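The following pair of complexes shares a single chain, subunit A, combined with subunit B in the former and subunit C in the latter.
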Partner chain A sequence: MHIPDGFLDPWVAGLFWLGSGAAIGLAVRRARDELGDERTPLLGVVAAGVFAAQMLNWPIPGGTSAHFVGGAFAGVLLGPSLGVLAMTAVVTIQALVFGDGGIIALGANLFAMAVVDVFVGYALFRACRGVHETGAAFVAGWGAITVSALVVGLGVGFSSAFAYAVGTTVPIMVVGHALLGLVEGAITAAVYGYVADARPDLVLGRSADEVAAPEVGA
Partner chain B sequence: MSAGVPFTRPWVRRALACLLVLVFLAPVFGWASGAVGYAEPLENAAHATGAADAASTVLPGLLPDYTVAGLDGPLGTLAAGGIGTLLTLGVALGAGRLLER
Partner chain C sequence: MSGVLGRSVETITGALRALFAAEQLATADGFLQRRDPRVSLCAITALALGVVLTRTLGVALCFAALTAGLARLSAVPLRRLLARSAVVPLVSALVVLPQAILLPGDALVRLFGVTVTEAGVAYVLLFTVRVGVGVALLSLLVLTTPFSALVAALRELRVPVPLVWVVAVTYRYLFLFFDELQRLVLARNSRTTGETGLRDGWRDARRIAGTFVLRTLDRGERVGRGMRARGGSRPPSPYGRSRRVGVADYALLALAAVAVVVSGVIRWTP
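Here is the complex of A and B:
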C-alpha cells in the first residue's frame, strides 16, 4: 500500500498533499477537545499497535502478500480526528525513519492510510453499528481498506510511470485488498470487540454503563 | 516517556504487553513473507504496467527497510520493530499531550 517515490506524477502527488494536509489540519483542530487523561494514552497505544501490526505480512491467494493497515481500527476506536492523528504518526515515521513509502509520495500515503482508511472505516462503522456492533467493525475494516486501495489505484493509474493504465491498476489494487480486507476486517472486529467488552469507556461514544447495541441473533 | 504513559493503569500495562508480543512476532512474519516470495498488490500493479523500475529513493530513512546496521536478519527486524513501536508511541503520545494544552 505504501507508494514509493517515482510512482506518482507531480500534479497527482501535489493533489494528495493538499487533501491530506487539509484533513490532518482539521483533525488537529478537532482533536484538542477530545484528548484527556484516558484518550491521550489510548492515542499513543493505538498508534504504536498499528505500527507493530503493520510489520506482520501475510500471504493472500494469487501470489500476493499484505499487512494490516489499521486506519479503520483507529477510526472506530478513537473517532475520526484522533484516528487521523494516530495514523499520521505511523505513516510519517514509516517514511522518515524506515524509508517505507516515499517522501514526495508521503501526501498520497497519508491520504490513503491516515485519511480515507480512517474516515471510511468510521463512517461504515457508524452506519452499521445499530445492526451489529462487532459486524460493523468487520465491515469498517474490510470496506475502508478496499476504498483506500481504490484511491491508490487511481493515483498511480493516472500517473505516467504506470502508463495511465487505470484499467489495470484499479482492479489489481481493489481485488487484492478486498481479499486482504477480510483479514483486516476480522482483526478490526476482534480487537474492537475485546476493547468494547473490557473497557467500553475507552471506546468513543460509549461509556462503562452504556448498553451495547443489540447483536443480531443474540 | 514514562511521564506520559500511565503505567499504573492495568489497561495500559496489558496494551504494552500486547505491543511487545507484536514486536516479537515481526521477525517471524518477515522471515515467512521473504521465504514464500510474495509481493504486495501495488508491486503487482507496477509489474503489470511496466512501472517497477520507476520506483526511486529520495530519502532512505535512518533504518531503511526495517533493518539496523550491524544486526542481520531477524535480529535487525526485531530491533527495528522495537525502535519503531517505541518511537510511534512517543510521537503520538507527545503530540496528544501538546494538543491537550
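Here is the complex of A and C:
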C-alpha cells in the first residue's frame, strides 16, 4: 500500500498533502478538545502498540502469512479523530524510520492509511454494529482497506508519471485489496472480539463517553 | 522458532536490526550527519521533488549521481544504500515493463513477434531510475539523521505540537512493545509442540494479538496515572533542539533549490 516517490505527479501528491493536512489538523484540534494538551501524547502509547501489532504474522492458506494494517481497528477502538492521530504517527515512523513509501508521497500514504482507512473503518463499524458487532468489525477492516486501495488507485491512475490509467489501476488495486482485505477484516474481527470479550468497557459505544481507552480518551 | 506465528519474531528482529543499523550510521562523522536536521529534511525533500518533476532520463541520472555523491560524503557505503533501495525500483520496473511494448514509437527490436519500442524502453528506464533515486534519497535521510533529531526538526518547522508529541511517544514506546510482543510469541511457541494447522494458528494469533492490545491499553493507563501523579505535566522531552544553521547548511539548501528549479525548467521548456 505504501506509494514510493516517482509514482505520483507533484500536483497529485500536493492534493493528497492538502487532504491529509486538513484531516490531521482537524483530528489534532478534536484530540486537544477531548484529551487536553497534557494527555494527547499518551495516544502515542496506543499507536506504538498498533505499530508493533503489525509485526505479527497471521497464517493464511498456502503456508504464507499476512500482516495487520490496523487503521480500521484504530478507528473502531479510539474513534475517528484519535484513530487518525495514532495512524499518522505509525505511517510517519514507517516512512522516516524504516524508509517505507516516499517523502513526497507521504501525504498520499497518510491520506490512504491514516485518514481514509480510519474514517471508513469507523463509519462502516458504526453503520453495521447494530446487526452484528464482530461482523461489523470484519466489514470495517475489509471495507476500509478496499476503499484505501481505491484512493491509491485513483492517485496513481491520474498521475502521468505512471503509465497506466485509472481504468487499469483502480480495478487492479480494488480487486486485489478486496481479496487481501478479507484477511484484514478477519484479523480486525478476531482482535476486536477478543478485546470486547475481555474488556467490554474499552469498546467504542459501551462506555459512557463512547471512547475506548479510558486514560487516553477520558 | 517454528510456524508462521513464530516467524513474527524474525520480522520483529529484522525491523530492529534495520533500525539499529540506521541509528549507528547516523552517528558517524559525515556531511549529512553534521547538517542541521531541518536542513537535511528540507534539502532531501527538495531533491526528491526535483526527481519527481523530471521527465528526462539524463536529469534523473544527474540526481542519481548527486545522491551517490551525498552518500559518499556522508560515509554511507554505496553497496549498503543500493541494497536498501534496490527492491522497490526493481518491482516497479516489473510493473511498468509491459509499457516497453505497449507504448507506441519507433521499433527498437522485435522479439517473438513482439515489437519493443524506443519510447517504451525509455519510459521503463526513466520510471525505474526516478523511483530508485526517490527511494535512495529517503534511505539517505533515514541513514544519516537520527529520528530524535527529525522529531526536533518537525517541532521547529511548526508541525502542530500535539502531533509531534504523539509521533515522539510512539517512537519511544515502540521498542518496549516490540519486546513485549516478542516475549508473547516466544512464550506461546514454547508451549506449542508439533505443527499447528491454520485454525490453531489463527486461534493462537488472536490470543496473542488480543492480549497484546489489552496490555498496550493498560500501559497507556499506567503512563497516564504516572503523569497525573507527577502533576499532570507532559512527559519530559528527550529531544534536544536543532543545531545552528551554518554555511554548509545554506550551501546544501541552495544546491537542492537549484536542482529543483533546473529540473522544472528542463521539464517545461519546449
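As a working rule, the second predicted complex is superposed on the first by the 176 of 218 C-alpha atoms of A that agree within 3 Å, B and C clash if a C-alpha of one lies under 4 Å from a C-alpha of the other, contacts with A are read in each partner's own complex, and residues count from 1 in each chain.
Methods note: contacts are C-beta pairs under 8 Å (C-beta built on N, C-alpha and C of every residue); 3 or more make two chains touch, one makes a residue touch a chain.
Nothing here was measured: the structure is a model prediction, and the numbers come from that model.
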| item | value |
| --- | --- |
| Subunit B versus subunit C as contact partner of A:T169, first or second or both or neither | first |
| Touching partner for A:M55 - first (subunit B), second (subunit C), both, neither | both |
| First, second, both or neither for A:A13, with subunit B first and subunit C second | second |
| First (subunit B), second (subunit C), both or neither touched by A:I3 | first |
| First, second, both or neither for A:V90, with subunit B first and subunit C second | both |
| Which superposed partner A:G25 touches (first subunit B, second subunit C, both, neither) | second |
| Partner chain in contact with A:A190 - subunit B first, subunit C second, else both or neither | second |
| Partner chain in contact with A:V156 - subunit B first, subunit C second, else both or neither | first |
| Doubly contacted subunit A residues - partners subunit C and subunit B | 4-7, 28, 31-32, 37, 39-41, 43-53, 55-60, 63-65, 85-86, 89-90, 93, 95-99, 102-104, 161-163, 198-199, 202 |
| Contacting residues of subunit A [partner subunit C, same complex] | 4-10, 13, 24-25, 28, 31-32, 37-53, 55-61, 63-65, 68, 77, 85-86, 88-90, 92-93, 95-99, 101-104, 161-164, 186-187, 190-191, 193-195, 198-199, 202, 212-216 |
| Subunit B residues within the subunit A interface of the complex | 4-6, 9, 11-12, 15-16, 18-19, 22-23, 25-26, 29-30, 32-33, 36, 38-42, 44-46, 48-51, 54-66, 77, 80-81, 83-93, 95-97, 99-100 |
| Subunit A-facing residues of subunit C, complex | 3-5, 7-8, 11-12, 15, 18-19, 22, 44-45, 48-49, 51-53, 84, 88, 92, 96, 99, 102-103, 123, 127, 130-135, 137-139, 141-142, 147, 150, 160-163, 165-174, 176-178, 180-181, 185, 198, 201-202, 205-217, 219-221, 223-225, 227, 232-235 |
| Subunit A - residues contacting subunit B, complex | 1-7, 28, 31-32, 35-37, 39-41, 43-53, 55-60, 63-66, 82, 85-86, 89-90, 93-100, 102-104, 149, 152-153, 156, 161-163, 165, 168-169, 172-173, 175-177, 180, 198-199, 202 |
